[in-house]
């Protein structure tokens, strides 16, 4: 459920209904701390993650599904953080791989092992959208690229990275919206769901 | 391996090396029919799919992994075809769901069951990039959106659909390049690989 | 009459002339509260709507013409509000249909009845311009789409939604400027005028 | 029903079902002449308009609803033609007002009477998107603007006219896609429907 | 001479040299009030116009050349002001024609006489770039169009008006940069110079 | 009068009326050779310029007004040609200054004398929009810049040159549409008209 | 000297003058084969390179300056060819490094030695503009990036690669126009000139 | 090494390692003053340049390599400053050439001698990207163009200058990102490195 624009009372009512009529996890996204407190007072048993601004009831067990989050540069950090926190809140195991921009290819190659052990890789990169192509060539698992609005001038606030990631020559890369660490984590969650329903 | 720009002899040499030193499937993409014949004459045992322009040796066993390919309108057909053929050639089970544009929501809803049975859904839509959002709200599995260059005027040859799919409000949707049925199928292949390496 | 850039005295003079030489309603748009007070002191009998920033003399009788205003998400709320208030101020009956983004199609379908009872539907949607297509397929009456500048990144401050609504596959949808709840209400007013002059 | 991508047999089957279960007109759009003949052979009683590429069964009675189609210049002619033919095929009365670009304002003013008699005005203009603003100020009825891709250079194949029409200062103008005479006629049809269901 | 980035002392030195070696007017543009005072203390005899931020020595005699400045709406006012003040400072006669947007064509037509008496017309218009086309059709003299960044959404901060003015169907219109009342006045000055050097 | 879209008979009728009720020159633009012959057969006394595609009756006497047309490179030639031919056909004296791109500044400077003798300068430049700035700094008369669609890649088919000419730092330059030699000549004609009506 | 738009006779005259009054090499660019023959008949002693369309007299001695031309994919081949041929024609030593796209990083790394031996590297890459960043991090010498118009959709005919190369995080990379192998070679030539004039 | 996002302790550790295992200069970029002090306290012997925000150990000897930095206007000053300071900090000799915009060509020509003495020229220009073409035609050495975000309207915050510099007709010019004085200096550094390793 998407939280913004609903009162705590409205959220609580919907959550109660969902808990009663379904058996899986119930998530409310983009909830601020104050609203979360109010909702939890009415529907106990949930867990709130302030960084990810998520409310979760019947959280999924910590999954065997591991997402590596690879960030090109330090200015891509906040978006990578969002991806890591949301992924953790929804029960995924995470592995943070930082400072692996393609202008220093050897740092990236040194992390090849960790990247290959992951079930999916989220690549966060702004001025250097190039990282998605490079990682796509190193691993066989799903690669979810997040363009970021870092950089200036020709970066066009993330539009250049978004387009470049789509034009990438590594087959099978997919892309989410600019700065959307949240969207990338949710895409990884969908992957994990597929595994979970298998015998 | 990416085929274009290599001679049949070069391709044959690389394929032979890959078959000798690895155990998994070997793929050569975007190969035309004539080149394929020449390569297969030198390295027998491979299979060529003319529609997908793929050469495959040691094809993966037909997978239990099913990809539904949902197309908004008939003009999106060729791109949906490419996605279906490439997916089949690389061992995925496929299900084609056609004519489910959001301007006729009831046709889409009538297919909810088939969409929910799939392990991943590829959504192919041009003037109506809207379909990705709608499907994203109907299924829990990964959704890979392919914007198409159909339509005219404000569609800007697919750029509008690409941007609209990224701005979608359904969490966890990912997007590939305009008209890239190939890219979407390869992204689905990466998903299937994750399942396959599980016990 | 367009209010900005005129002094209250200038507005009053023009209104007086219009009241004397015509018989229909007289509207002055985008007038702030202070100017409105000054004008009304000179030309009594008018009504001021602060939300819509409209001055109206000889207001049209409340019309039998009903406009439904359907908003995709809560962040589209302020634009939907503007449409509702302006429509009310100019004598239209209104019906607010909220939170019907296409990522939750069933909420939209549950409102089909209300949408079909309206004489026109204003669709307010930002990141999910998709709603215009979906509503266009559900109703036979005029649909006026308002793209909003909500969202971020690939939404390009409303330009993506504007283009996507134009590329929509539902025939007969029309579009107004980004965030222009005012323009949409005025377009509905023009529709109502046509009915009114019929016998 | 949208025709492209369906075989004549498929179209015939759907039309038969629609005629059996509804009472209103049944339209199939964008059908070429050969397919139309095949469909009419199976489902007699329909009428085909080659210019509009429309098949209509149980055509609506010729409506009292009149649409004026005002075109700025001769290069906007084909789009204006499409609007006129589609409007006629779906039962609207039409009035063609040509060569009224704003660079020759007096020609436009000379037609004010005809424009004011219409129930709706479709404005077709390319390099001179300006016409929509001017007409919007002359009439009180709905104005549907169609930007065209005529002109060159800064016209950006219709994108400039589309944006300019949205930025227009005449309140209540709505816009359809570039070159979409079809879309404008369908928007007028929706207006006429509202009138028709009134007592 | 372009003022910004030069110290008062530098400006003074250059002005002294220009006065000594030429006979025409000497202009320094975009000078703030404080710098102007300092320069005038060193090189007396000049005149400073605070609104236009111009310093002028040996001002041209008030010219018989008249520039009409026509502004579409009140939000275009500041740019029209800049054009009027700069034109006055450099010796042109001016005539301000306001509130003549094409959505109210009759107000524009009522001013035809004044526009035709001018030697050049500067048209200032934002959301309604249309005004340039309309004026271009009414007068035979040079028309200099200034797009403004007023409006919102599809106006793209003046870019839409700039492109629309270029795509105008009125032959012989020329355009200057967005919001550049200064540039338009200087273009008119160049016209006046041609007249002046004639016998 | 704008020719396209009118039959020779229509053109002839309008020309006859204009000749009867006015005294100045009568121009019909963009007329092809065949139509011109047909019109001249009905309304003798006119002159046809095939290059400029202009029909002129009562041509203005050859003016003392001289337009220099400066072209940056040879690929800008056809647009410069159009400007020269149209200017000649409407009675202006012309001076063609070629191959003066700013990458060879000395060639430009060598022509300073000719440029300064002109009453107006039309600058035609594509990949090197820079020429407008340079000429603007060399002459005091009106400068009309014509961006051309020559070049490739970053030239964006003339859009880059158009924007660059507007961003020029030389005060008083004005710009016409991409490749519009016609528009530039007509703008010069407007200048000459001002001179002509002076005593 | 830039060849296009000059007759062979004009070229011959200029070349003769340049040979007489200077001592360095004389180059005429973009000359087709027929014109070249005509010019060489008049001014013997020159050398014509058909691939590079260059005429050279007093060719520079083969330089000790080596340019490596690294191309990402085979579709970038023709642009790389142009760079290689032009560079050779103007006396540079060249080294062609092909198929080193970042999606196959190990192929790139395997060529690190050759790249480091060069005095400058020209990087030719389209869909994978990423290569410029990666090479920039591997070598210390000047890197000249050439974006190519290969690819489709989000590649926007080379604009995406051009912007991405500018937004690159590797310091000191410079960029030339889309597909301009010629421009890159000429930039390398300027580098070699600096070395040559050193003692 | 790129400084941002690393703690002083991290920087110090990496610098120590680089000093131990290499022999050339060690640079850390974009370090603020406080962090620089902390790092220098741990790794003495370095030099900090506050303007360039650079830390340098084992600085290169002052080079015989001279970079001229030519700026079009005073508003381009800060970017030119950055280029000059960074170039000085990394051991290059610099020569600042200011106020040489092409609208005042004679000021530029007066500096031809200084420009020709340089080993490379950095051209900094915003609204007048034209300067790069002009300088490119005056010197034979490498020209590195830096578009700046000065100006307004059609300048599109530097994008117009960036595109115009790429479309330039002067062969062999290269371009760096908008406002990137840093990038231009680093590109010049790469040139100087080539000279240095020569015998």
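A few comments on the model shown:
Going in written order, the chains are labelled A, B, C, D, E, F, G and H, and every chain counts its residues from 1.
Definition applied: a contact is a pair of C-beta atoms (placed from the backbone, for glycine too) under 8 Å apart; a residue touches a chain by one contact, two chains touch by 3 or more.
For reference, the UniProt names are A, B, C, D, E, F, G, H = Nickel pincer cofactor biosynthesis protein LarB.
Note that this is a predicted model, so its numbers are computed, not measured.
Common partners of subunit B and subunit E, by the touch rule above, are C, D. Within the contact network of the assembly, the step distance from subunit C to subunit F comes to 2.
In this assembly, F is the chain whose CA centroid lies farthest from the centroid of subunit A.
Annotation: 23 Å between the Cα-based centres of subunit A and subunit B. The geometric centre of subunit B is 53 Å away from that of subunit F, both derived from CA atoms. Note: centroid distance subunit B to subunit D, computed from Cα atoms, is 38 Å.
Contacts with at least two other chains are made by residues 2, 73, 153-156, 162, 166-167, 169, 177-178 of subunit B. Chain pairs that touch one another, listed by label: A-B, A-C, A-G, A-H, B-C, B-D, B-G, C-D, C-E, D-E, D-F, E-F, E-H, F-G, F-H, G-H. Of all the residues in subunit H, the ones that touch subunit F in their complex are 72-73, 101-105, 108-109, 126-131, 133-134, 136-138, 151, 153-156, 160-164, 166-170. Listed in rising order, the residues of subunit B touching subunit D in the complex are 73-75, 77, 99, 152-156.
Those residues of subunit E that touch subunit H in the complex are listed here as 2, 4-6, 147, 149, 158-159, 162, 177-180.
On the side of subunit A, the complex with subunit B involves touching residues 2, 29, 119-120, 140-144, 162, 166-167, 169, 171-178, 182-183, 186-187, 189-191, 193-195, 198.
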